[in-house]
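Across the two complexes that follow, chain A remains constant while its partner is chain B and subsequently chain C.
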Partner chain A sequence: MHVPDGFLDAPTSVATGVVAAVGIGIALRGARRELDDRTAPLAGLVATFVFATQMLNFPVASGTSGHLLGGALAAVLVGPSTGLLCMAVVFLVQCLLFADGGITALGTNISLMGIVTVVVGWAVFRGAQAVLPKRVSMVAPAAAAAALVSVPVASMVFVALYAAGGTVDIPLGQLTTAMVGVHTLIGIGEAAITFLAVGSIVAVRPDLVYGARRVLAARTLQIRESVR
Partner chain B sequence: MGAPHGHTLHFHGHSWLHRLPAHVKLVALVVFMLTVVATPREWYPVFAGYLALLLLLVATSRVPPTYLAKRMVVEVPFVVFALLLPFVATGPRTEVLGLSVSEHGLLGAWSLLAKGTLGVTASLLLAATTEPRALLTGLERLRVPTLLVQIMGFMVRYLDVVTDELRRMHVARESRGFSARNPRHWPVIAKSAGVLFIRSYERGERVHLAMLSRGYDGRMPR
Partner chain C sequence: MRGRVSTRAVVLGGLAVALVLAGVVSRFASSEPDGLTKVSEDHGFAGAGKQHDGLVAYGGMSGLVGAVVVLAIVAVAVHLLRRRRATEDSEPEREPESV
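Let's look at the complex of A and B:
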């Protein structure tokens, strides 16, 4: 859900705008390293993919449904820098062309749902990969762990921002419980969908998944006895 | 959860607002909204002034108000949140229509509704009067990094292609008797997302090769 205009006060909005700008600056350098001159078309198409998957509805129960946020998914699929750029561009397009999310809250939206989910998602993913056995089948569970953690952490950062620059004094304890509670549930859904989606991609084209590259590189060529 | 996105919101027209360069409109929008957000919420007449200014712009842009009104649905989740605020916020309480509500919450709900509505209307007006292409040129003039503008350009260009691909997959699923009703159907939809990623990525590779063969060297031609 996008933060609208007027939810956080002006100084907080400007500060998160600066954070978003710095994050995008770092990601621009990183993306050139990850993709060189393929950056523009590939990141553009992946951003379109993230945008489109946010339109894909997953039924929950009795008519309600949810959709993917995609931060952790993007980080695992195309790498943290490109993933961050994709998320940032998605929010930029949603804000400017679809009026979804306020323009003064653009920095907040990019920082929360772009930078926090991608960075936390990627850190958890790498951590999980270090612990789990080095097999291609372990990429999807690691991605699920990344998605599971990234969403509640983003909601906690939101509560922290709200404590600093919120415009209405809601009791913080209650806000924290509500936000983190709801987003833990969303995180579980996000983890399940990320697990299924990454699993289906790894089964077909593991070479496209950035997070699987190390595992693939570590694999040795096996020549098996053929059955005659 | 956010409302589903349809087509881009551009409304074809020839008013002065349509003709104004996109970077001017962008800067105006940011300055206007920052002013609105920074305005203390007790200054009621000032908000009426903002609304009057915005309505004047809508009138001179000749975008039908009903066109904008229909697209205000993106705001609905926050209207619900704002309506809940008076009941959850703390502070001195007061009586409204026989219900005990928080004064701070009431004021907060007003400020959220007023500022949010002004923001959505202003953003809708920008989207309605500016073509996506002009918006990209405007962002470039404002010194937004070229790479970011290029990525956004590709996204805008392929938005309909990729969402159409998603729609075709949806039609294919439905025509085979599939309809998603509960979490047991998630694997099917998640596989659609996986296929969509592979197709999008491969399309990106093909687009890159096609650009290379036409002399692309990392910069877009003017």
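Let's look at the complex of A and C:
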């Protein structure tokens, strides 16, 4: 969903640039709380994995491909603030080194594929955790649900940005249907990759997964009570 | 804890997977346009997009180069953020990680 230069007008690009800057500022403060001996080693891995996986376009419909965005994955593994910083670095490197995503659209891309997927992903993940049984085995399914929802929501936010500052006048109804339709399919791929990645780490070291902490804490308490 | 995999093993194993994905598997990725690109072509606003020159061209080893650059930036950022946190909190006893 990398937006190139020229899709959105200057005021919209400036506005998303401000949103991205504020988001990164908040994340820098939040990450200092999240980064402990468990999350810190994982942050580099998460960013590298998201960068690598964003190169893996999978076919979704006739003549169309999609790739992982990764915000839900990053938020669950290292926390939403650290996750957003990881995403921002990925988009910065893609934009400057590989011209993937426009320079004036960097703020748009960080907002759209970083802030939106991290915030929506983290909210859906916490919501799913509240509903699902409090077990470590439920962390990966909750992360998959978060990933599934995050992609079409990001595509809706793109449509909203396009409605505000799209440079070519096109019917917005058709744009919405097309964007949400294809990104719902991409969301299924996003959910599968997120399930596998989060599930793999939860299987070997659930304590390293930021999103598993509450469940692990609850489990420890239960064990202590039953021992008594 | 019984047979606990070390943090180092998890991180190095994960990085190995990521580098193989970026360096090898990426060559087999679909070359069809992605969701937004296709929609922009179908709905007549693809022409508004302008391409700038990147410092590196995608292809060959570029995936590996990008992955290593991303890893380096995040590693440095995490180190700086944690150093600041440590000075601000100035907590003398931190739980040592048994890796």
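FYI, the second predicted complex is superposed on the first by the 197 of 228 C-alpha atoms of A that agree within 3 Å, B and C clash if a C-alpha of one lies under 4 Å from a C-alpha of the other, contacts with A are read in each partner's own complex, and residues count from 1 in each chain.
What we mean here is this: a residue touches a chain if its C-beta (ideal position, glycine included) is under 8 Å from a C-beta of that chain, and two chains touch if they have at least 3 such contacts.
All of these numbers come straight from a predicted model, not from anything done at the bench.
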Which superposed partner A:Val182 touches (first chain B, second chain C, both, neither): second
First, second, both or neither for A:Ser13, with chain B first and chain C second: first
Contacts of A:Ser155 with chain B and chain C, given as first, second, both or neither: second
Touched partner set for A:Gln94, first chain B, second chain C, both or neither: both
Which of chain B and chain C A:Val116 touches, first, second, both or neither: neither
Which superposed partner A:Pro4 touches (first chain B, second chain C, both, neither): both
Shared chain A contacts, counted only where both chain B and chain C touch the same residue: 1-2, 4-7, 28, 31-32, 37-38, 40-45, 47-49, 51-53, 55-60, 65-67, 85-86, 89-90, 92-100, 102-103, 167-168, 170, 174, 201, 204-205, 208
List of chain B residues in touch with chain A within their complex: 1-5, 8-10, 26, 29-30, 33-34, 36-38, 41, 71, 74-75, 77-78, 85, 88-91, 104-105, 107-109, 111-112, 114-116, 118-120, 122-124, 126-127, 132, 135, 145, 147-148, 150-159, 161-163, 165-166, 180-183, 185-187, 189-198, 200-201, 203-205, 207-208, 211, 216-218, 220
For the chain A and chain B complex, residues of the former touching the latter: 1-2, 4-7, 9-10, 13-14, 24-25, 28, 31-32, 37-49, 51-61, 65-68, 77, 85-86, 88-90, 92-100, 102-104, 167-171, 174, 192-193, 196-201, 204-205, 208
Residue ranges of chain A touching chain C (in the complex, touch as defined): 1-7, 28, 31-32, 35, 37-38, 40-45, 47-49, 51-53, 55-60, 63-67, 82, 85-86, 89-90, 92-100, 102-103, 155, 158, 166-168, 170, 174-175, 178-179, 182-183, 186, 201, 204-205, 208
Touch list for chain C against partner chain A, complex: 4-5, 7-8, 10-11, 14-15, 17-19, 21-22, 25-26, 29-36, 38-40, 42-45, 47-58, 62-63, 65-67, 69-71, 73-75, 77-78, 81-82, 84-85, 88, 94-97
